[in-house]
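In the two complexes below, chain A is the common chain; its partner is chain B in one and chain C in the other.
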Partner chain A sequence: MMLKKKSLTDLFLQNATYVMFGAVVLYFGVQQTSFLMPDSMANIVKQASFIGIAAIGMTFVLLTAGIDLSVGSVMYVAPLIAGLLMQALDLPPTMGLFIAIAVGGVLGALNAFFIVVLRIVPFIATLSSLFLFRGFGTWLTSSKQFDFADEFRAFGLSSLFHIPLPIWMFALVLILAHYMLSHTGFGRQVYALGNSQEGARKAGLKTASIQARCYMMCSACAALSGYMLISQIGRLDAGFGEGSEFDVIAAAVLGGVSLFGGVGSVFNAAVGAILIQTVKLGLVFTGVNLYAQPIMQGFIIFLAVLVDGIRDKRTTALLKRTIRPIQ
Partner chain B sequence: MKSLKYTMAAAILTTAGLLSSGSAHAAKICFAFQDLETEFWVAGHKAITETLKASNHEVLESNANEDANKQLEQVKDCIAQNVDGIIVIPQDGESAVTIVKESQAADIPIAVFNRPPTDTSKGIVVVADNKTIAEQAVDYVTAEALAKAPPDKKLNAIIIVGDLGDPNAVGRKDGFYASINKNKDRFNVIEVASKWDAATALANLEAAVTANPQVDLLFTSSDFLFPTIRSVFEPRGMWKKRGEEGHVLMAGLDGDKTACQLIKEGFVDATGVQDLFFEADSAMNAILAAIEAKETQPNKIMPDPGFALTQANLGTDEMRMWGCKLLAGK
Partner chain C sequence: MTAILKFENLAKSWFGVPAVSEVNLSVEEGTLLGLIGQNGAGKSTLMNMLGGVVQPSSGGMEWRGQPYSPSGPADARKSGIGFIHQELNLFTNLSIAENLFVDGFPRKRGFLDKTTMHDRARGILSRLSLDLDPKVLVGQLSPGERQLVEIGKALHHEASLIIFDEPTTSLTPREVNRLFDTIAALRKDGSTIIYISHILGDVMRLADHVAVMRDGRLVDDGNAADFTISRMIRSMIGRDLSGYYPPRSCTPGERAILELEGVSQPGVIEDVSLTIRQREVLGLFGLMGAGRTELARVIFGLDPHASGAIKIDGQGIAAKAKGRIASGLAFVTENRREEGLMLDASISDNLALVALESFGRGPLGVVEEESLATRAAEVRSELQIKAGNIATQPVKALSGGNQQKVVIGKWKMREPRLFILDEPTRGVDVGAKYEIYTLIDQLAASGGAVLFISSELEEVMGMADRIIVMNRGEVVGEIARPDFEKEKILAMAFKEEPA
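Showing the complex of A and B:
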């Protein structure tokens, strides 16, 4: 009986993010039944897809025990450069998408250069690139809003089989990232590096190259996220993406990705992003007072992180008795 | 004869110009702004810096990138450089109080542009009457909405609220409610938070419209969110011009270029206008006058009454709106 109770607690803790997600959906659904309607659910996933895509990229970096604070600035500057090139060369939005991702990759490579070659601590390196990238974008626009062509917005608002494009992109990135982390040698190396950098190095892994690729992927995902989000609005303001890094990191951590590396999965990070968005939109849906919204939002996120913390402690205790990798 | 007139006029103007520029000494002005993320701030920044520089004043500019602490440090840095006066666009009302205090403690006159401190008794405070301007704009759309609707029908009104740490956002929200409360029983209000961020507004407005598909009128606390509103309304067939079936009555506030364009096209019905050039001139003139008079701690409020540009007065008042002037290239 005791054993059963213990395993039930473990089961709950292991699936804390999903349990929280279910509880939140149920709570808002009871408050207002239309919250559970397909339109509402689709809207939540669509709005979560932007932060979700960036959170998937962030997961790679967090798994290596690193951090990238520049994602908000990349979300701003990569679509901006793509937009300027699209305007100058009369390129279609699909081409702009690839340009934005490529720019993201280059910006990520710059971060990787600071961290891997110059050996600057990731927090400091990406904090400075946060200002560097945004400053570059502000210089390019002189703080003025940048208006994209109408076809760009039509691209962003398009859908396939009645499913909006951002959701497709989110799903595609999620599948690719999940495959990469779970079914390739590179994925195993990322986990190994996050668990012990020294151990990974001694095992003959090219830790610098692994780290660099993770930062490049993180920025490429942030660029894609920014591009998709801007394609919904059609106008890029100088303040776009500011503070998004916190939402992105929160989504990944809420999904169970450890800030200390080696633990987590992109799938859970995606669920974390959807959970955050569910809370945010649920509060709007049920008409909660604007002053109370951040308090409730903070409380629910705190609760989720608290449960996650307890789970981590228990998992660490269990780890002492097992040799299985934890994801 | 004609050329003689022109020559004399030119000579008089040149002399007057020389005399006026000679009377005021070139001052060193610190211009600390929180960011330039909207057309309003960009235009305000341009008006202040270009006018000061054209009058041979030295301008030390600093952008705080929406960081209140950073702005305080930048102002302290200006004080250390012995500037003659400070013009500040603060990040929020609370930090503005600290900045004004810091400046006055150093005996340097300071003017706060457009975003007022929570305590307006200190410093030169140039501020739009956000509440009245918002109320005027919302009055126009509520009157139209009520005129169109059957007398027993309750109408859905959405307000997109700005950052609640910004007194301007709070003033605009109060103005909206001042108007709505005149017919309280006829409106069901849906509040949407934007935190002055287009992406936040997009997500929250989508949720609000999904929950309440019947929208009768909308008020956005800033015109810069109109493209975001369009992104939400257009796929739902709600982005229509006046006179078209499904048109949602819309009002904004700021008076920017986009709003001017949208009012002319008939998508937007009214917008509250802050007289940007009046505010910029007031801030500059007040600070220069204080420097000239060696007044180190001037305290006064300079209100910008503003007005609402609506479909009804568009023909006559269009060029009073700074956004329409910019749109016309003036």
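Showing the complex of A and C:
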């Protein structure tokens, strides 16, 4: 007896992001038709790709019911180290890209060490690494601005088949991460772990290793995201990436990745990132008071988290053990 | 026939208290052993030793003629022993196939080989005659289907011994029949099965061999053909402990304090009607999963009820626990450490918890410390809580019995009309048990009423004026003190489910 009948509420809760997305585009489109032009749409996707890449990484961590607050600092310090090495060894920007990702992986491994080995709660562990990583960067630069070579900026602004590099990166990461999560044993085990950590342990899964890989994935994506974003400007300020962790988490959750673990996909995260960017740009287009814009963003994020909470409550209620059959 | 599994003088004790002692039993290959016993008889501990969850204190096991001592659940699985626990262990966000293969996915060039996985899953599902797409998420399956998936996991691990622990509790009659068909099919393929259940009729129907446990010992075993339901019940009933309970000092009055009329909540309780009178101790007995605690939570307003009425003193009652406390209900829960106490806080703070608001004065509700302390001291001496300074000593430093008195005391601060006591003597030593029994009598004698929930039949019979028996969320019987008879009560509690 399959439960095929789904209530309208559940249907809405499952697709809340797309409903919101449609509503937002429609609203701004009606207000300002130029908003719907391909140019502004392409601009949205490009601007969304930076937070999007990091949000895809964050999805891995959120799926395990964890959280990573250090992504903003990783976005700052990993490209910085890559830049310093590029400067010292005279390396091309493509090499720098791999260095940045590798540094991200190492920082993620450090987070994983705190969480998996020392068993510190993810929130606290990554809160301290947020300061730790940024502090390291500040110490390296004495809080001065770091200027990259000109070719770095040229690399960042380059495009292939008229599509800017950041969008290519965004798409590449999206496809890779999707394959990892839905077409490898590791990916499916990430979902299992997020559904029930105790159950995963009982089923004989290597939970520590699965969690560790998720944090490394998250930081590597954050590093890439930071590297691509900096390549648009060519210089790195001390405050770069500060507070970005909230944009990244918000994008993933807004897209439908659950904070309670086990629910969501990288596509959700990508859509969430684009949705946030759409709102940001839409507010500019419609000429909303600059200082009122964060209120709107806050409201939308609040809605997303609210929907996530309701969704989780409903699933828990459905799974509650009964002592007699419900007919 | 050869014995596939042997227990040899197997024993386990927790902190010196024996849970299983000296069990000798062998299970023949290809047979079905029905394992029965009251709550706490040691069935689960015995099975947990078999599953590698618990390590034996002494004695050993033999599996296929070889000594067998699993160090963890993975060992048991590798040896070919599969468990179908009462609480299923499935990932609801994964598909059926993924659940079967989660600890070792088939791979092709590093990627998940979905074709192979789904083909193999289909093979397993067809062995279970389960007509489902292996891509369906487990979260969308009914409880019965989930259980079959869990059996599929055991098949996938090539288990030759499968243990079922109360498999039918949340199944509809139709699903139960399907489960029995599956069990028959498994046996045809040569699997050995241990079937644990409170439903004695099912055990009679399925088993080749029956083993009865009581107080951690194997007290009776033999061919199922030689068993009757009344022999099963007789074997499960233990010793008599008369004179162990304090005499009751009051008789129930006429006035009803609490009345339930046809109270139902889907999946939990069904059409429960009962009355508790003034100065009455009403015993509520039932086996594990009979719905006793669930009923208590509904009465207290922690869980909702879909239909029926609950009245106190003939009046309708508030919907939530806060309002019901105000009308005189008190609830001593079965987990005092988690739900009843703030372990690190002082005895006084714990006692003050419920009554705190009623000691508030003025618009800010500033607590009158002195009158609160006076009342706490009164309650402490009434209940004879053995402690040093109640204002400083943390509750966690008290013995189990005294901790329980603090839980009762925090409600007593407000002089409630009806006490719901859920397993109040659990984890309490013998001397303290007697004191709690005395307290139960006092609570009733002082004009209130007590709903006394326990899975120890002896203590319910020792203290109650009347016993109500529950089974699968329904009240299946009521019996007054003069007619108390163990066999009768247990027969009600083990009542068969009409299929």
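For the reader, a short list of remarks on this structure follows.
In this text, the second predicted complex is superposed on the first by the 287 of 327 C-alpha atoms of A that agree within 3 Å, B and C clash if a C-alpha of one lies under 4 Å from a C-alpha of the other, contacts with A are read in each partner's own complex, and residues count from 1 in each chain.
The working rule: a contact is a pair of C-beta atoms (placed from the backbone, for glycine too) under 8 Å apart; a residue touches a chain by one contact, two chains touch by 3 or more.
It should be emphasised that the depicted structure is a prediction, and the values quoted were computed from it without experimental measurement.
Once the two complexes are laid over each other on the shared chain, residue contacts for A:203 go to chain C alone; chain B is not touched. Put simply, more of the residues of chain A are touched by B, taking chain B and chain C as the two choices.
Residue contacts after overlaying the shared chain place A:143 against chain B, while chain C stays out of touching range. Residue contacts after overlaying the shared chain place A:170 against neither chain B nor chain C. Chain A makes touch with chain C in their complex at residues 1-3, 179, 183-185, 187-189, 191-192, 194-196, 199-200, 202-205, 262-263, 315, 318-327. Chain A makes touch with chain B in their complex at residues 32, 34-35, 37, 39-40, 43-44, 46-47, 50, 131, 134, 138, 142-145, 153, 157, 229, 232-235, 237-244, 277, 280-281, 284-285, 287, 289-291, 293. Across the interface of their complex, chain A is touched by residues 35-39, 41-42, 45, 65-66, 161, 164, 190-193, 196-199, 202-204, 206-208, 210-211, 224, 227-228, 230-231, 234-235 of chain B. Chain C makes touch with chain A in their complex at residues 73-74, 77, 87, 89-94, 98, 102-105, 107, 110-112, 114, 132, 136, 139-145, 169-172, 175, 266-268, 270, 289-291, 294, 472-474.
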